[in-house]
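There are two complexes below, and they share chain A, which is joined by chain B in the first and by chain C in the second.
Our next item is the complex of A and B:
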């Protein structure tokens, strides 16, 4: 058995190769972007991530004191306010990002999965925020839960996802849904980095004149080894 | 497959276009600072709503006639929870989505007997030192279900005409033990002990408030309070929250359907709205594969605002 054969059977080496292929090194954190990336609309994707950071941080801080402490603590109430407003900003940024991507038909060029992960993350965020409203242990929770049960029960979901059970809702809010959402967000970002920012509708890349091209025209990152023979054709 | 894909989608590889310097990390750090400042500013200026929950004792204090009417309704089997169907009981088959009885098929997974769980059992638990209540409960449990319903319904009709009739004392004109049960129930609710007797019936620890919340929602008081905060179902209530706060505006489409016909007048409104929203969500998620819809951006040309030719 040769060393190459041994490497083929090595699970660690295979995982490493898979990770490298998922996002080639040059595409993970490139210091250049296609020249067409020069609109404010591109800021809202990263602003959504920034807002998510504050949602998570304020959620962690609220969790330290338990479920009801924020009703009687000024610090707790302020943290709740930070949590609320970061969620509002998160949705504002995500909605603008979403409509921007729709206007750009950003699913083109093999980016359907990028759209799907983003769309599912949007719907998942609504569910996560909803369970947060059910976990407040105040009048809002009482009213929203007693109203929401009817819709969920009508389609059979309420038999398993009981909005009148604050214990179940809190665990969904702080463990299950954020975990799923986290995976979706990571996948979404990986797909964005892997495929790059979608080119303008009907745009054609300029003809490549490799020997004399100026510095500003070089590609954002080297193509993956598998892509090189075909994509580098002039 | 690849050939077919190429025919449909000729979008070139993004990495073949000219580039310019772009600092992703700097952009992220600036975004964190700006969003952080905005968040703290909004939190500091506007704070957040926190209207206290309604306890069953407060309900009894502020709307005693409603507590009595609700208890009698539970005994008569006419309240929302008593007639609900799955997942609480088999009193009805529940809503349908076309031919699909999803509510029924999911089954009774949180069994609730409204008369017994909300009224009779809690009173039984505190009846040891109250001979009149013990006698009333014995009379109630010894009667046939038809007799029980007849007593409770007659008294419910009286309360519907004269909500404060319970203050007149234990009348016995065909109401059986119901007047005594109702007034003792109100007294128990006023002590604040009712909630723990209902919610903690089987365990020391409980985080499941299904039964107290169902009971509270069976009354009119919860909705009366909610409507003063513009939270009613016909007031776009699902997306609002107490006070002048934005609430959940991202639920506008879900709430919207409840405001218009046929949903606003349908007995199957919840199932229909959920069915419609699930279909729309599927469309939203699979936009890239839906002919026509995926071409909308080309037609509306909003992308020209993003990619300007200058």
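Our next item is the complex of A and C:
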């Protein structure tokens, strides 16, 4: 085996090739997008990610202070409010993003996994938020836990997901669920980069792409951004 | 004691659906924002306009 063969076969080279295949270099941070992306509706996906960063940063700071810190500290109270309102914005933006994508049937053109990861992340976010309600260390969280326990016991998960156990709920809230959610969000963004933004339902292929074949044998819509007219992002 | 304690929350009842007025207002505002996002034109720079003109000629 030559040294070149060894370089081709080592794990870092293989990992590099897999990453290149997952998201080709030109699509990682593109500065041009198809013309139909120039719409306010696409802002809400990015706004969701921005809100998520605020959620994670404020949650990180609250974790350093401890669970009851925000009850006695003005800074802690402020960070708790940042955490709450960034979560509110996160859900508002994500829901509007979801409405827009549903109306566009954004799972077309081999984008089913993009849709699925987004939908699962949405549901997972709701679960993560619920465990946040249980981690407030106040009467509100006590009340919510007693209301939740009967339903969860009825579906048979109370034995290992005990909402009356604040320590367990806190770990679900700050470790387990955010980890899963983080993986889902990263996968979702990679798939968006890999597959491109879905074209409008009534989109026609651009004139330069029109083949001489009969109209009925042409693809109904372009499947990748590379096949559509592009415009530099604002 | 927080400011809202002791105050009754207004609810809307419609059959099996029961929702607080506050949540209903939030959902209505989200729908308004969604519609505005669909209909409002997206601003773009003069560079993009010049690029578009160049593409058309």
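For this structure, a couple of remarks:
The rule is simple: the second predicted complex is superposed on the first by the 197 of 234 C-alpha atoms of A that agree within 3 Å, B and C clash if a C-alpha of one lies under 4 Å from a C-alpha of the other, contacts with A are read in each partner's own complex, and residues count from 1 in each chain.
Just so it is clear, contacts are C-beta pairs under 8 Å (C-beta built on N, C-alpha and C of every residue); 3 or more make two chains touch, one makes a residue touch a chain.
It should be emphasised that the depicted structure is a prediction, and the values quoted were computed from it without experimental measurement.
When chain B and chain C are set side by side, the one touching more residues of chain A is B. In the superposition on chain A, A:41 makes contact with both chain B and chain C. Residue contacts after overlaying the shared chain place A:82 against chain B, while chain C stays out of touching range.
Of the two partner chains placed by superposition, A:66 touches none, neither chain B nor chain C. By the touch criterion defined above, A:95 reaches both chain B and chain C. Of the two partner chains placed by the overlay, only chain B lies in contact with A:200; chain C stays clear of it.
Judged by the touch definition given at the top, the superposed model places A:109 against chain B, while chain C stays out of reach. Using the contact criterion defined above for the overlaid structures, shared-chain residue A:158 touches chain B, although it does not reach chain C. When both complexes are overlaid on chain A, the residue A:9 reaches neither chain B nor chain C.
On chain A, the surface patch touched by chain B in one complex and by chain C in the other comprises residues 38-39, 41, 43, 95, 100, 231. Listed in rising order, the residues of chain C touching chain A in the complex are 26, 30, 33-34, 36-38, 40, 42-45, 47-48, 51-52, 55. The touching residues of chain A, counted against chain C in their complex, run 38-41, 43-44, 92, 95-96, 99-100, 229, 231-232, 234. Across the complex, chain B is touched by residues 29-39, 41, 43, 46-47, 49-51, 53-54, 70-71, 77-78, 80-86, 88-89, 91, 93, 95, 100, 102-105, 107-112, 115-116, 119-120, 123, 125-126, 129-130, 133, 136-148, 150-160, 162, 164-168, 170, 195-201, 203-206, 208, 216-221, 223, 227, 231 of chain A. Note for the complex: chain B touches chain A at residues 5, 9, 11-25, 27-28, 31-32, 34-36, 38-40, 42-44, 46-54, 84, 86-87, 94-95, 97, 102-103, 105-110, 207-210, 213-214, 216-217, 222, 225-226, 231, 233, 237-238, 241-242, 245-246, 248-251, 268, 270-271, 273-275, 278, 281, 284-289, 294, 296-298, 300, 302-303, 305-308.
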